[in-house]
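These notes open a run of structures that come right after.
What follows is a pair of complexes built around subunit A, which joins subunit B in one and subunit C in the other.
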Partner chain A sequence: MSSAKGLATRKSPYLFILPAFAILVGVLVLPVFSGIRLGFFEWALRDIGKDPEFVGLRNFMDIFRSENFHTSIRVTLIFTFSVVVLELFIGTVLALLLEKGVPGLRFFRTIFILPVMIAPVVVGVVWKFMYNPSYGKINYFLQVLGIEPVGWLSDPQMALISIIITDVWQWTPFVFLLILAGLQGVPQELNDASKVDGANYLQTLVHIKLPCLSNVIAVTAVLRLIDAFRGLVVMLIMTNGGPGVSTEILSLHLYKTAFTDQRLGKASAIAVVLLMIITLLSIFFITRSMKDEEL
Partner chain B sequence: MMKKILMILMVLLAVCAVTFAQGQKAEAEVKESVEGFDWRQFEGETIVTCFPNHVTYNALMPLIPEFEAKTGIKVEVDLLQYLKMHDKQVLEMSKPSGDYDLISMVVMWKTEYATAGMLRPLEPYFENPNLAYPDYDFDDLVPAYVENTGYVGGDKIYLGGEGATLYGVPFGAETSIMIYRQDIFDEYNIKVPDTYDELMAAAKFITEEVPGVYGFTSRGASGHQAMAGYLLHASPFGASVFDENWEPAFNSPKAIAALEWMKEMFKYGPPGMTSFGQDGQFQAFLQGDAAIYLDASVFAGKARDPQQSTVYDKLGYAMHPLKESRLSESGGFGLGIPANASNPEAAFLFMQWMTSKEVERKVIENGGAPFRMSSVSDPALQAKYPDFAVLAKQLPHVNPDWRPLIPEWGEINNMLGIAVNQVLTGEKQPQQAMDEMVAPVREIMVRAGYIK
Partner chain C sequence: MKSVTRKRIGKTVLMIFVIIASLVCIFPIYEMISTSLKYDVDAFSLPPKWIFTPTFDNYTSIFVSSNFGRYFINSVIVALSATFFSVFLGALAGYSIARFRYKGKKLIVILTLLMRMIPPVILVVPVFILWTKMGISDTRFGLVIVYVALNLPFNIWVLKTFIADIPYSLDESAIIDGCSDWTVFRKIILPLIAPGIAVASIFTFRISWNEYILSLVLTNRFTRTLPVAVSLYLTDAGTEWGKITAIATIIAIPAFIFTFTAAKQLITGMTAGAVKG
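Then we have the complex of A and B:
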């Protein structure tokens, strides 16, 4: 009797998480596996009614040999690391500046959060107009200052920088808000204690505030990292990957492989690679921030 | 009191309704007897069409209620950005029963659709006396447009000739002509370019001498747009994407010469042309920033529209300039009926009505592009639309084999278009860029079974 009851108690937690688990398997695990499986097949979008043809590792060999894929990886890494570093830096500086009761803080916060709330499609269209070499605002102001017009989106050297500027503009406020919330969580006693010990602002910042913020910064970095890897819409609208393939980040390369080239199998293979990169990076950051916690 | 007023109102309403209904009926009867063709045989059916947001289709939109009144068929239009139509159409047409009864397809897709069995052959419909409108005059449709938008299965799979089947009729089809700023050419006494060399000279002169105006406007964005811009020059230069045996020919001396010419020409365009899609290209001309346009003829409708164009009254038109030939673009849109359409007969009636002589004239009036020889060569219309005279001269030079319309073209188009863009931005040299594309393009052709 007692052993039966023990079994029931031991089993019941599993019973409770079963529905959630089933949903998770249905909407997350199965699609991921079928996506991975499709990576081993050749399936053109136009043959959508027919059965895919098994081709083994050909899709993976195709993408690793393709120059555009290599460029795409490089573009993705440059883009992601630039935006994450810039956004974290600017966001943290802004948060530190506005941490103290600056007059009109609420007003600033509201203004700052606006870009985050704009749909990426709109951001893409608006910035595309602003970057327009002939009638865009940015070149107009440069001209007023006597600077030669810049081919923001048409020059292969500039296009990625232009897109990084746009992303920093849109997502720095998000970082700013998270860091600001983190700063407000720093215990006041620590600040007071450091003041009593005669620490100046820089010392307080380096030895008290930043260490307390490290977890928030790590989580923010992971969120932005994953987002930046998946980012697609803004590039799709502003440059469609051009000039050449200079702004074709991995997710856009994937999209084009699926819908322009119509090769769903190859696109799945790219998706698998993308998934692996993001997983590895996430694990790296998450374990790092966990370790800090244990210390 | 209240009751009385109500009664009077109701009687009035009833009288109105009866009179109105009779009027409509009488009108319908008159039409039927005049035309001797039963337009109302599918009364009450609803057809769904997939159309692009495109000048000629936009010109048709306000006319659709006329068709609905004439036939009693209801028309629903799914209006999409033209490159976005493809995925949705494939999805609909691969279902057992799709939502679309009539689709507009970019010519690039016709072979893919037809060989996959997604479209209905149209000959049986045109041969059916109950369905074929007697005054339609099929032979009056511009022959090159019909070959380009409609036939699959003939020469090189995607052209007319022996074994070809008709899957589409042109609507929104186009070729390329030159549109230029008459005022600038007059003021500076520039000769209207008749050859590619003269075109380059004129563009250079305008960029250097005319303040605030660049010589030429083109599309150049990476991928499809840059490739379309390049193909415009490839045909007159005698270059093609593949040779007779499906081997890559886009790195041949002639092809490279065309690309070199295009690269040179980009010096005389507005800044940022390497990121221009069609819209950027159009705007540069419409806003008066560029003096010469050489691309799809449908642009004439926009250019002469005072609502959209700041230069509507300063236009001149000329034929596609001469190099080895004047072979001009064949492209744009055709209409097809999906194999899984629910109301194919009603859709066929709509297709005929849209492309009939009477409706074509109204579409032209609304800014759409002509697609019948009778309208292009009509002196009255030529007087009203000066581009028609040029178009009439250009149409015999249309190259139906302007680009390979094979199912694999989407992928090849994108790859070559990236390479062309890299040449235009100076990232790569023409010969190098095109040589590098041979292996990957060959691989696609081998995989698809065209070559070994």
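Then we have the complex of A and C:
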């Protein structure tokens, strides 16, 4: 950057950023801190007119001792790990297969954008319909193939798997699009050079393509990981966390603690835990994506 | 000769594979639209009726129910105003970050990046309390301002990148001609970042139009948006799948429009920050 680009004494850079800064602070930063503070108070939703009662670390002790919290951490870990691994694997394989160019690639790429664009609520509704045991299409297809019907959302063993399938359906195309964009960024000279050296496809893949892609893959993985921690709408719509608490991931557990159990303080303590996880992941994302960003 | 045949077989297998993948992608969407166009008898019949007489009964009956129109208008107002303000403020901030050097900039940039990842569910409780105290809970304004904030980090980031790609000499010659920074922004920067504005607008509109949790908590029966409306049909006794899929289809219409008219902008937006273009 040339030194001519503005001086520290000028007012206008501050004026230009002020409105955005004010909104970010007022609507995101302050509420986040007031939420953290609320984690140390006891406050019932119906007492919202009264003042909260300070209880120190009690909410945190509560959640760490609570069986449901442990379950929801376990569910969250299984869910996030499964979707990230499956989506990255399928998405990368698809991208590598289609990279060479299939007739109509642009058309297929457009099709693959669709699931990403659809509202989570809509995804939840549609898949709930398809998973329906008596008139859902999925069991019908299984029956055609001669497979016994499955209680997709009613069987505690299956419910989380069903939700993972739905997530893989919605987000694999996103991973595919990112990896494909990354592959198109691999310098053609490298591919050519390895061909000239007599490398076969597998060797080119392992020694040229995957190393070039490693940053894109890492960033995509973290993006998906963060999103998997953030999302709750599909579960809320399809199972409301059930049967039992078998699909109650952390963000849904937080929501239900606040608005079903009406314990705002305890919910805020859960929010603090979630916030710490997201912040750690975000720092990784930021350091990766700011790597060659000039400031 | 042999390798040519092998290549052809390989291509065919690949093609079949791609077609299956796109069918899997499309099927749930097909299922939603077709169910919304079916009479109940056809919607629930197994084996499924692939060929059926379409009906707009579900659509007319939701439009006739007085609340649907209101929810629809709420959704349009909320999404459009959130998009306008978030993109405009994002462009201003992006201009400030891309074109000036000043104290505290790095802090603001890092703050912005951190805020980009904030899960809406973390905001639900504190924002609900604060908005209730300030009396802007249950208003469309209260929801719009949250959406403006949630989308700002992405918009700042994308627009900053687009602005940085404009040659600085353009600004310089305008400044020499005596233009103020504001004039430079309005007359030079804004027209040149139109593609970036398109990307930012599509993403902000999509998120604001689709968002569920905050709308569920921050609105009432007068101000609620379509995603909340569809979930209310779901909890009613005896799920009316025809009507639900009709509303779901209406919610998905902007997604279809964007996908088929702006695929390029969508890919730019999705890869922003993840893949170096």
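Quick note on the criterion: the second predicted complex is superposed on the first by the 252 of 295 C-alpha atoms of A that agree within 3 Å, B and C clash if a C-alpha of one lies under 4 Å from a C-alpha of the other, contacts with A are read in each partner's own complex, and residues count from 1 in each chain.
By definition in this document, a contact is a pair of C-beta atoms (placed from the backbone, for glycine too) under 8 Å apart; a residue touches a chain by one contact, two chains touch by 3 or more.
Keep in mind that what you see is a predicted model, and the values were worked out from it rather than measured.
Legend: residue contacts after superposition of the two complexes on their common chain; A:Ile208 is shown touching neither subunit B nor subunit C. After overlaying the two complexes on the shared chain, residue contacts for A:Val273 are found with neither subunit B nor subunit C.
Once the two complexes are overlaid on the shared chain, A:Gly151 sits against subunit B while remaining clear of subunit C.
Of the two partner chains, neither subunit B nor subunit C is touched by A:Leu142.
Touch counts on subunit A: comparing subunit C and subunit B, the chain ahead is C.
Of the two partner chains placed by the overlay, subunit B and subunit C both lie in contact with A:Phe259. According to the touch criterion, the shared surface of subunit A, contacted by subunit B in one complex and subunit C in the other, consists of residues 48, 135, 259.
Within the complex formed with subunit A, the subunit C residues making contact are 11, 14-15, 17-18, 21-22, 24-29, 31-32, 35, 43-44, 46-48, 89-90, 92-93, 95-97, 99-103, 105-106, 108-127, 129-130, 132, 145-146, 148-150, 152-153, 156, 168, 172, 180-182, 185, 206, 209-210, 212-213, 217, 227, 230-231, 234, 241, 244-245, 248, 251-252, 255-256, 258-260, 263, 266-267, 270-271, 273-277. Those residues of subunit B that touch subunit A in the shared complex are 87, 90-91, 94, 112-113, 116, 220-224, 226, 270-276, 284, 287, 289, 407, 410-411, 414, 418, 421-422, 424-425, 427-428, 436, 440.
Interface residues of subunit A, counted against subunit C in their complex, comprise 1-2, 4-8, 10, 12-14, 16-17, 19-21, 23-24, 26-32, 34-35, 38, 48, 94, 97-98, 102-103, 106, 108-123, 125-130, 135, 137, 140, 169, 173-174, 177-178, 181-182, 185, 216, 219-220, 223, 226, 229-230, 232-233, 236-237, 251, 254-255, 258-259, 264, 267-268, 271, 274-275, 278-279, 281-282, 285-286, 289-290, 292, 295.
By the touch criterion given at the top, residues 44-49, 66-68, 132-135, 149, 151-156, 159, 239-246, 256, 259-263 of subunit A touch subunit B in their complex.
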